[in-house]
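What follows is a set of structures for review.
Each of the next two complexes has chain A plus one more chain, namely chain B in the first and chain C in the second.
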Partner chain A sequence: MKEETSNNSRRKFLKSFGISVGAAGVVSSFSLIGAAKAAAKKPAEMVNLLTQDGQLVQVDKNQLRPTVNEPLDELQKRGREGIPGKSFVMVIDLSKCRNARKCMDACQNHHQLRADQHHINVLQMQDAEHTAPYFMPKPCQHCDNPPCTKVCPVDATFKRQDGIVLIDNERCIGCRFCIAACPYSARIFQWTEPKDAEKYKDLTYNIEANVPQKKGTVSKCLFSADRLREDKLPSCVSACPNGVYYFGDQNEDAVTNGTTGETVRFSKLIEENAGYTLMEELGTKPRVYYLPPKNRAFEFNGDLLNEENLH
Partner chain B sequence: MKNTMKNIAALFLIFVFSGSVVNAQGWTVPASAKKKQNPYEATSKNISSGKKIYNIQCKSCHGDPTMANMLPLAPVAPTDLGAQNFLIQSDGEIFYKVNKGQGAMPAFEKTISDEDKWMVIAFLRSFDKNKKVKQQVAEVKNPEVTDVKLELNVNEADKTMLAKLSGVTKKGKRVGLQGIEMSFLVKRSFGYLDVSGEDPYTNESGDVQIQFPKDLPGDREGQVNMLVKVTDDAFYGNLEEKRVVTLGVPTDPVNPLDERAMWGTRANAPIWIIVTFVGGVLAIWSVIFLVLFQMIKLPKLAKSKD
Partner chain C sequence: MNDLPKQKETNLSFEKIKKDILHPMQNHKGLELWIVFLITVISVCGWAYYIQLKDGLGVTGMRDYVSWGLYIANFVFFVAVSLVGMLISSILGLLRIDWITPISRIAEIIAVAFVAVAGLVIVLDMGRPDRVLNVMIHGRFQSPILWDVTVITTYLTVSALLLILPMIPDLAICKKELTKASPIMKKLYNILSLGYINTPAQHKHLHKMIRTLMVLIVPIGLAIHTVTSWLFAATLRNGWDTTIFGPYFVAGAFVAGSAALIIAMYFFRVNYKLQDYITDLQFDKMGKLLVAVCLVYLYFNLNEFLVPGYKMKTGDDIHLKELFYGNWAIMFWASQLLGNIIPIILLVNKKFRKPLPIMIISLFVLAGAWFKRYVIVIPTMLHPHLPIQNVPENFVHYYPSAIEISVTVLSFALVLLIITVLSKIFPVVPIVETAESKGIEVKIEA
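Entry: the complex of A and B
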């Protein structure tokens, strides 16, 4: 007898539950249809888009959807593994830098950074009182013995097999140990909501571009790891108008100039121009090489804000 | 009111434009610089290497010579460097302007070597209607041919490559094509590495042989992707041959993650860290347990003493 009642009540419960869920479903679908109709009725607002083959087309704004990316798991996995068989290096020719700052703009566009946040920064250098000043772009050095990954307590920043050091901002707890550990001041902290946070909020996190950025986490240069996957040069390298950057695979002993597209032997370039790395006495083994600012192509103007001097 | 505004705007525009015109024309070249002559002869070799340099350094703004497809920059668009009214200038004048630059034109004094600049000037001169005759004398004449073929021979033992360029004459005979520049390019991640060497021009029988660099890395088996082509499409169209050759040094990419290191993840921490850490934890816990066991023994001890 007891059993029966309990059964009954369960059935009753299920029934009423079913009805209410069904009703909710109907209501919500109604509202969806309503919304869709409303959207369709609205005077169509058109936006101009550039298709992949370079055609300008107009699309109804209501039909825009964020692009479907690889799922987060896949992005995270391949981001951790890196590209097998590669060993990326960058060469920066200081004799050609005239502070055009196109690299910085391209980088900030790519990685959702504000104008005051730098993955790469062009510094004005003067080594001693009587030495000549010069400009020096400074990205993360992607050290082969990186102090930053040693101190991370949650395994958020790590080195991959192709030599690139990345940050997983899904794991990062914002302790900023790595910022303190990096001798090159390559890392920045997102103190506030990142730029365009609204615009990117639906985007799946791509560890190889560190986009969307997240408040309370650390960010830094990534050698545009997402572009490398498509055999494209990093954003900064291809944006430079003065042929400052070379980028390539050390395993192939070849680096390509981002401006001229010329490919040269990496070892020869370093050997013939007395290439060096920054603060090698620290034993961090950087992957970014510098060619000395000898026989400079441009005069040092030392005036960052004077646009006239930049062109 | 409106009118005055318009007037001011118009005045301003005039001012801006006149300024830019002055800019474009006010390119003063010292007389001594004008007198300079191109020290390099207008041989087909020099012209074709000038073309290569032109395509890398100048083409992005100036477009192709005589095609007037330059970048439409404002207020002054780059000049068509194949135009006759440009080529009126002396070699030295062009050389000076390339060196010094002006406005949007960069100064190439230190970014391109003097030799390269003269090569570019030789290339530009080949469009000069007044001087063209002279250049054609220097060029090797190949018979008119059809069905041009590019054959490749690879010698893996001494790492050389032989390319043969030939075509069929009107009489139906296959002959070698002479004096044509070839490019031997090795595919790398972001571009092609030129391994053509100093003198990649075909000889009388249409052959050109190059020495592949002895220390250029290939993949695990030493294979590299080669692209061999006639450098200048203007002769016989786009003639190229792709081939995978085993001329590179076999290279096993090292995975830095294979090594146990401090910077690595937990999975490849150095042995000494694992041993010290595990040892430390074990030691501490055993001390704690030791103390606990002793404390459990206390009441028993007290009883037995009674």
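Entry: the complex of A and C
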């Protein structure tokens, strides 16, 4: 429930942001030439608009265009730049994960995904035949040596200065090379019209949340880059009821637990709990760290590993 | 001509050669019907593509895990077959092997048709074909896709030149002889023949140009298939993450291309009644060539499957067991046995290198080559490093949908249409080169 309200306020924010910037754009692009041309035509309905410097001006209604370009450009620009001075990291404590899947729900809500589309997926793992199984939430690893961005032919997926790997679905051509290249299966593709496409079709594209999703393009976990800009934790981190996730800035050497709100030293957390990264041998240098599923807070129900229950 | 070989024993004259080769181009009734049929197929299957455009790639069998399917396998196959142009007309041509003279043009036609449609197949596979120009606008040269786009367009250009340039003397003949041709065709022959009248200077220049292109196309040809293999080898997936993919793909391409050429040779020989030109000798030699390239390919297969099969690392273990005796075993072993090993055993016998038997064997080799590409692309995608969970049942398997199959049929029909049209407007056997190779004097009037 909490998630829904925060989602609504975000949408409201986006909407009001779009309108205000849009209006400013219209006013500033109201040029003399345009005015002269409009005057030559028959007088049309006029509307009053407030300019950025506080003047009230009248504009021919025919001159009004719903400008989505300016806010989109702005969102694209800052989305590609990232947040200066940050170096985001996530720590996932496997000993705490009980497969509650609140992270998955919150994520799908935030990024307008269907129930079978996962930016984050809680996998049931068993490393070898006789080792103990465990639950492993798997978001995008936001690798520092990302195999996916390397192969993108159009720079639609890229690595930002703050460590986040983003995807620009305004540019993606849908070749799906990045999906083939990702060893963590972290990427999904919009094979059909995305969920609620009709509802969101007028929403300005926000690269930092990758919404609205677009048919024929790739999507993936973004560490909720739009929420980070508002100093909030990623959706999955905030939604976890079991204290599985820590998220923070490696430059500050501090990560915050999304459930308890407790902030701890990143280096100490990793050091004391034998933190590791997934498939280190591939050289991808993930920004997501795992703490081993030692002293699990629950009994693993062996039945869950049955193939039948997984689909 | 000062370098003419001595007149060999032959019952052919220049007039007869011209007549034999030009006659079927204008007097083949079935050809028009065949073209109408192909256009019908393309239109019907075009409808399938329209549905895909409208509803998205969700109408295919592909999903998040198998995100490359039939289209990409088919793309690799098309690029592979197109490599025959480089093998026959340049590698063997540069070695001055003379039996290729009557079949080199067919090889170039195949190369042009397959590589042109391969480029198109990639667009058919795109989620956003409307953004195809982004590859030019925002192209990143770090991506193997950019390398592929570059080498495929270059190979198409050079192959087209290698089709047209050696044909200039023949086009000069077409201009004179094909009196019944439509005005557009006459104009085309006139333009493309570039006023060639076979003076010694023209002859020298032309052959210099052709030889330069023949040298140029060797690295380009190697590059197209090597780069295509890197689309896979540049990833970290089990089954693709191997170092021999480049030469492995090139060797496989020679197998597919040679088989396609033998099939085309057979159909042109029978339909265009070219028994005096595409003779048993050409089939016999192509049979030996096919054995040679199959053996090289077999060697690469041994390396590709036995070495990881000996070690059985975790990821390879799942992948290889699926291929050797799992869900993919029938397709895998059929492509290895029917598409490679059995053809080698048969074709070392002279009697199987006669036109009809070798054509039938080549059909198996070509089909095997197609399924081999399918086995290379899809099983790997089904075995990612991390388990496939929490997704619908159809994400775990891959079956091409009817739409996907129709669009693939479209690409095949388009290849056949290009080959048919090219063979209708251009002489499929080089007239002048054939005469020269037999020591017959060539006369081209202005």
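Here, the second predicted complex is superposed on the first by the 231 of 311 C-alpha atoms of A that agree within 3 Å, B and C clash if a C-alpha of one lies under 4 Å from a C-alpha of the other, contacts with A are read in each partner's own complex, and residues count from 1 in each chain.
The definition used in the following text is that a contact is a pair of C-beta atoms (placed from the backbone, for glycine too) under 8 Å apart; a residue touches a chain by one contact, two chains touch by 3 or more.
As the structure is a computational prediction, the values presented were derived from the model and not from experiment.
Applying the stated clash criterion after superposition on chain A shows that chain B and chain C can sit side by side. By the document's definition of touching, of the two partners only chain B reaches A:N145; chain C does not. Within the superposed three-chain model, A:Q190 lies in touch with chain C and out of touch with chain B [touch as defined at top]. When the two complexes are overlaid on their common chain A, residue A:R229 makes contact with neither chain B nor chain C.
Contact with neither chain B nor chain C is seen for A:K294 once the two complexes are overlaid on the shared chain.
Judged by the touch definition given at the top, the superposed model places A:D155 against both chain B and chain C. Looking at the shared chain after the overlay, A:R265 reaches chain B, while chain C stays out of its contact range. Within the superposed three-chain model, A:T256 lies in touch with chain B and out of touch with chain C [touch as defined at top]. In this overlay, which is a superposition and not a single complex, chain B and chain C have their closest Cα atoms 6 Å apart. In the superposition on chain A, the residues of chain A touched by chain B in one structure and by chain C in the other are 147, 150, 155, 311. Looking at the complex, you find that chain A touches chain B at residues 84-87, 95-96, 144-147, 149-150, 155, 158-161, 163, 231-233, 242-243, 247-249, 251-254, 256, 260-265, 295-298, 311. Contact residues of chain A toward chain C in the complex are 104, 116-118, 121-125, 138, 147, 150-156, 171-177, 179-181, 183-185, 187-193, 215-218, 279, 282, 284, 310-311. Those residues of chain B that touch chain A in the shared complex are 56-57, 104, 106-107, 109-111, 186, 188-194, 213, 215-217, 219, 251, 253-257, 261-266.
The touching residues of chain C, when paired with chain A in their complex, are 55-58, 60, 62-65, 67-68, 122, 125-129, 131-132, 134-135, 137-140, 142-146, 149, 231-232, 234-237, 381, 384-393, 395-396.
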